[in-house]
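Encoded as structure tokens, the structure appears first; notes follow it.
Going by the order they are written in, the chains are A, B and C; count residues from 1 in each one.
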């Protein structure tokens, strides 16, 4: 029982003990100044970089966003096939709606009145022939436009190619028109509506700012200097800001990024949280290694003629895809990251001693004096009895 | 050689040295209690917040997801233009497939039998005229619907406007029908199939849970209380849960977010990892600043008439776009983050001494006793010879 | 004034003070070895794991990417309805362009010449009837294909069902053809163009590498061994690499992920930064719980017949959606993360003392000798006057 009591007392005494390192204070102008300079550097880093620049006292949240776009404008084309023709939004936006992207047709190669029938393959794609034996019935490969019938027919007065079952007449293998057919697309405008949300802070905002009214929206066009808050962009301006020429890009097509960034400090007034627009070409034009440039795809409009036979108009459409990309981060004061950063800062101050010790104990003239005072020794060497230095 | 030997021995001795700080133990109930309280706070933070709440002992991985959707239902409209007409999924889902989003047409303004021809512009959009000189041949701007021919013609008995080459007749500038044409869309259902994967843990799951069989899927509809595992959602329920009225939203259209969250603790049984569905309106309806509300776009169906002339039906479609957004994070025990967090916790314990010292050496009555024992001094002042305090 | 001077001097003296912990050096082979081993472990962790494996000396940036795809190939079908028919890219890619995804039609159920009219519902979906009173005029629910007229009519010689207003004739409720209609789709190829950007390092690259020229691109097909840099993929190869059989998958459809990863160490030459392609099936085929397998959707082609009445061809399309997913992270040397990691490493070295002390002061035979030298005591106990241990 006595041992028990003694044990209890011992635990109790232990509980009320407080251990703190013994400190040697060196009073020296040199060492002291060195110490304060290094401390100042660490403090400057902690306060300047972590707290002010990186806003370490804030909790941050990523942006949630929804985007809708609406293009306006008409373009006119005049070709021998179609005559004078007007193209409006239902004609040149394909598909009519996408999640955060829109495609504007700027150039096209049209093949009218295709039907499922037989016609000769295009020459110079590997299906030239002299006799039927050069063609193989049933063959279809990725370079051909249809399934071979096995016959060799005249493509023109000079060329003979294998006959195929395909949508005939075939689309000629030609370059897109230059200047582009829908050159007027450069004057189209697009209204981009973007609602964002920072769920952690229950903060919502949209890019149509409160002071933008209906009247202003009806005539404004984005301009970085005069109309920076107008969410309506002229397509030519978008490409020009990205350092591209619209007409050149329109010939083969391409991809433009419309970047909307919402970096907000929610400790400041909410009205200071405004979107910033930047534009960049996303696909690589790389003139030196110009393999498969631009952006195009094929689509068709299907009709039935009087005999109930299906015909189609094949369109190889070149154009610019605009990808709307919304970035952002919001920060707001929160006690947890503040404490964490203060803690980390104090821990860094502990490293000051490590660095100072290194300098004091190796470079200072009185290093031996300091060493003697800083270090005590317990020797326990069996092998090397010449203990104290 | 002797120096060499001496150097070796010195390095060797140095290698077997162990430096540990000298500690002053203060045995005092006050100081000890203070010390233990601050230690307890730090431990509570490390264990409670870092380990339990933030699961600091787990490695985490972000979700990879694929989504497919399938809408079912028919709606009926009865207009003077079209008569009684049924709309099925191929009619009202535009485009027919998207990556993780689907659009349901709820309201529309249809303009039948448009052809490329001449007609007067709509009045009150800036193209009203009195004589031909008010119109400029070849002009087309983003507010107009076509290219001006330069003539001024009668729009109605009271208004004269510039003539344009366009898809005529033009779509009237009118408000969408209210109640919406496809009011029955509120009863449509959508099956959302969602497969997720946590690649780091090679964990796959889908939102059709193992106990959900084909029979149940044929009649179930999601209900937070009675059928929380049914992946089939009635569109009206989705909007209602988000606090919106379907019929009101259907008139001008809008964007709904269907959020599926998969936050899983993979240290627990895999069956506990289930999706959680929430719904939120993504676009801002903001009644005070109602510029360009809702969601709509134009698309067309193209026909050829008997004379092989192209006609089209222009549809200004209003509707609700449902964006399926999959969030998630999975955690599983891993030794690396566990050690990192224990290390960080121990480092925080080191800060306890800093705080306690501050209190002990400035506020305690016996602070001078403690100071005398804690600090030793080495003086190296040339300027201030009055050294020891 | 004297006090003021004294205070100044005191502050000044304080400023030039440098506090460093007093250290007890234990010279012992055992303790020293233990100390060095633990130090070595911590150093190995810091250098090996943090610096080498995790590249802690680098700043990292996430990838920005843009993707375009172009499918090539023709397939042929031969059905009683349509006769011999060729399908090209404009027929089987739906919609014709998407942001980073493309859908290839592989199988279909076609319902020709639908018009808005009356026809009996399909049997066995819940609308079987005996007399008109079993049907309810105006009823339309999600399982039906139209709006009931209230009449009960003969579906076939054996079954009577409610009549509906719908797009008639209705699509039969049948299984998709097996083998799939467009079995030839396995030989289609897709060119995937991917431009990436690491904005922090102003680094751009695309997956058509500099040494890939136009001639090579015209005939190459991706092969992990022989053509690992060719950005043209045969669809069958994609599914095969993912462990799926194309023909089986083509029947009901599915979703394939084409993953392009760009993990680049920009301290190395830029030419070493190349894309890595992997393929994975994203939807869950799960043969045990086969509810709603595959991927399909309905779409229609609209025509007007001679009487200007709208007809349509309804297509239930089964196919494979390819989602192109671009991952990546680039790292480059930066002084800030380097310093942070060195700091954290030094802080970890501080923990070595904690661990060694624990062992030295509890397990070593000479622990009492060490304790006497390490600890000094100040007693301040009123309750327990039996101070020094």
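The rule is short, and it goes like this: a residue touches a chain if its C-beta (ideal position, glycine included) is under 8 Å from a C-beta of that chain, and two chains touch if they have at least 3 such contacts.
If you're wondering where the values come from, they're calculated on a predicted model, not measured in any experiment.
Between the two copies, chain A and chain C, the C-alpha superposition involves a rotation of 120 degrees in steps of 5. Looking at which positions face the partner, chain A and chain B present mostly different ones, since fewer than half of the interface numbers are shared. Centre-to-centre separation of chain A and chain B, using mean CA positions: 16 Å.
Under the contact definition stated at the top, the residues of chain C that touch 2 or more other chains are 13, 16, 19, 21-29, 31, 95, 98-99, 303, 306, 347, 350, 373, 375-376, 381, 384.
Per the touch definition, chain A reaches chain C in the complex via residues 9, 12-13, 16, 19, 21-29, 31-36, 49, 94-95, 98-101, 103, 116, 140-147, 165-167, 255, 257, 282-284, 286, 289, 291-292, 295, 297-300, 302-304, 306, 308, 312, 314, 317, 321, 323, 325, 347-348, 350-351, 353-354, 356-357, 360, 373-383, 387. Chain C makes touch with chain A in their complex at residues 13, 15-31, 64, 66, 68, 70, 72-76, 84-86, 88-91, 93, 95-99, 184, 187-189, 191, 193, 195, 197, 204, 206, 208, 210, 212-214, 217, 301, 303, 305-306, 311, 336, 343, 346-347, 350, 366, 369-370, 373, 375-376, 381, 384.
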